[in-house]
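First comes the structure, then the notes that go with it.
We just call them A, B, C and D in the order they show up, numbering each chain from 1.
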Amino acid sequence: MSQTLPATIPVSLFEACADSIAGTARELAALGWTPATSSNFSMRIDAEHAAITVSGRHKGRLGRNDIMLVGLSGHAVGTDARPSAETALHTQIYRRWPEVRAVLHTHSRTQSVASRLFAGDGVIRLQGWELQKAIAGHHTHEDTLEIPVFPNTQHMPELVARIDAWLDAGKTLHAYLIDGHGIYTWGRDMAEAERHLEALEFLLGCELDLKKLRAS
Amino acid sequence: MSQTLPATIPVSLFEACADSIAGTARELAALGWTPATSSNFSMRIDAEHAAITVSGRHKGRLGRNDIMLVGLSGHAVGTDARPSAETALHTQIYRRWPEVRAVLHTHSRTQSVASRLFAGDGVIRLQGWELQKAIAGHHTHEDTLEIPVFPNTQHMPELVARIDAWLDAGKTLHAYLIDGHGIYTWGRDMAEAERHLEALEFLLGCELDLKKLRAS
Amino acid sequence: MSQTLPATIPVSLFEACADSIAGTARELAALGWTPATSSNFSMRIDAEHAAITVSGRHKGRLGRNDIMLVGLSGHAVGTDARPSAETALHTQIYRRWPEVRAVLHTHSRTQSVASRLFAGDGVIRLQGWELQKAIAGHHTHEDTLEIPVFPNTQHMPELVARIDAWLDAGKTLHAYLIDGHGIYTWGRDMAEAERHLEALEFLLGCELDLKKLRAS
Amino acid sequence: MSQTLPATIPVSLFEACADSIAGTARELAALGWTPATSSNFSMRIDAEHAAITVSGRHKGRLGRNDIMLVGLSGHAVGTDARPSAETALHTQIYRRWPEVRAVLHTHSRTQSVASRLFAGDGVIRLQGWELQKAIAGHHTHEDTLEIPVFPNTQHMPELVARIDAWLDAGKTLHAYLIDGHGIYTWGRDMAEAERHLEALEFLLGCELDLKKLRAS
């Protein structure tokens, strides 16, 4: 892949973001959360650009050549590579929240199963878990943390519109699930995005375990 | 093991296939999908030959000497080594589809349990999972992906006949399970075969989890 | 972080404890028991001090600078770093038992789920498991091992008072759970604390599995 | 630990067995099957001696000094070290079967839970699994493989007597479980013992999964 950068973006900045994405992807792949070349990851470069994984690569083996530049409307910049089909979901987040610098989308078994199980409700409500405090702005296990579950579609503009509708209704959002698919979460830097992802995976897993056990 | 190659097969080709098989086997063994020397793997060498794992070896510790040459009728070529008892299932696939270059047979707990659970139905139907798109030719989660479950037998020709019957009925096939046993899947190269295997393991695991949770 | 030590504490002693804490934390993080920067660990330094993890760090990546000194009333000593919010639970243990030299608090999925499931009973009773013998003072699987489950609160003095009340009632205590949160356990040295933690995680996991299976 | 060997036992033989035990133990510990210093392992040295793990050591960190010599009546030979409390179960196997050269006793969660679940029946019957063929002398999934479950006791002679009674009744035995405790299995060499252990862990796990799923 050949990536040409706009003059305003230093090579060192792009490379630092690409390395951070590749490093995080390796860790998440080792956990089994990116099966069969699924999942995609990005970082904000500036007010108008993000670095994002090229479509279809094995997420445990990413190098700098597997990361490309996109504008915040979702188009490739300075490369012929094809960005992930879900790039529009990443750029929507960067447009909505100027402070967000990293977006993670994974596909763990727990995430996929939880999304199917709660798709009918359209939301998962987490309450009573100490680890809710790992989500920015949450200070007690007594809060209720709402994770919406949106219907899956191969047509990205539909998903973008549903997410906009949720936000335009004034609801807070730290993460969302897509039915039968996976999770999106983000943060002010890669470390916060990772912490959110790790906490949400844990909390969804706990909810599923508890549901099985309470039935027994 | 001493392997003599026909003059038409370059040593470098055989060794490249053997190394690819051994490398993939190590990864799958580390995931626990090849318990107790089970499982077998192969790659097509040319229109008439395949390289396949020798019977009974530990799949996490394969070297070039654990891979042997067979003809597509299943007989050993240029070696006294004994090919896997299930070699006939591999060669059937290479004979049916000239474009297939790699066949993987594993034995994960999820695969074995799913095969028992759905043996009565004779088929597992996967629907609504984004990861179905990891299977070649599938472009949406809305499709139904059918994985047949064939009865187990120690008599390979019976199994070969059942698989032929399925295909002769005009049904598509990307993978099959054998009851109480494991999965077979394949691809146009090792990377595609691995992607198929990883996706199917994930999807079967999701189905089992969802079944437990929906009952609770 | 800059840590100044009182004249009575040799640098080598503090560093040895910090290294032991960091090493144990890396092992527990690799097991997935410290998700999203949760969990905290400490070692006794002398009759009046303990070394404890600084709040909010990734437990798989601790170095000496992530460990700080506290007095046994819970205040930072010789540093501006902020100790874990739960420091009071560690120092309570060191004050109660002069022979305790290591305290581990983790947050595994099994621990969190078990705490929710048994919160109503206020206690988990383990009986009939050989591994109960891994807990100091237990010599047979026929004993009953009681692990109390205390309600969670963000107000530490409440928790401290509940634990004091349990002990003042003359009950033995080797570990406790906090509802929706995690486990605390300890030992006469780091090896014993680790052995207790490993055994309790195992026993809680067995109890949950058995509960699911007996219902089925 | 200081180990003096009888003149009839070459140092190199003892060391080779000790290294084999330590290597296998590290692999099994990494799988989580030896929690909290539990489990013990041995190899036959000659017609009258075996090498066995010293009591209470961490099974992931064994060196030659953690392996000692015992006579087949269970007494320490040439050392003051204390053999495992369960040494009598190992030596019983070596006395019964001259061809057995390795005995493995582990403590996985699956083994412990299965033993509790089937303790009332006194036996687990495995049928219909291809992997039964990994057990020596089994050639088809159509056989029934019986694993007895003996009641746990801290008094080893009771257990020895129950196992003798099973064998004196003419029943075959490849492995047994002890209620709430773990599994014993063995083989003509370490590789066969490991293959048996790996297969049995897999089969017990499959049985438990299937039981949960069939109820749902």
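The rule is simple: a residue touches a chain if its C-beta (ideal position, glycine included) is under 8 Å from a C-beta of that chain, and two chains touch if they have at least 3 such contacts.
Fair warning: this is a prediction, and the values are worked out from it, not measured in the lab.
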Third chains touching both chain D and chain C: none
Chain C reached from chain A - shortest hop count over touching chains: 1
Same vs different contact residues, chain A with chain B, by half of numbers used: different
Centroid-based (C-alpha) most distant chain relative to chain D: A
Distance between chain centroids, defined by C-alpha means - chain A, chain D (Å): 46
Approximate Å spacing (C-alpha centroids) for the pair chain B, chain D: 33
Chain A, residues touching no fewer than two other chains: 212, 214-216
Chain contact graph, described as a line, ring, star, complete graph or other shape: ring
Interchain contacts (touch definition) - all pairs: A-B, A-C, B-D, C-D
Interface residues, chain B side, partner chain A - complex: 128-131, 134, 139-142, 191, 195-196, 198-199, 201-202, 205-206, 209-210, 212-216
Residue numbers on chain A that touch chain B, as the complex places them: 35-38, 58, 107, 109, 112-113, 116-117, 152, 154, 178-182, 208, 211-212, 214-216
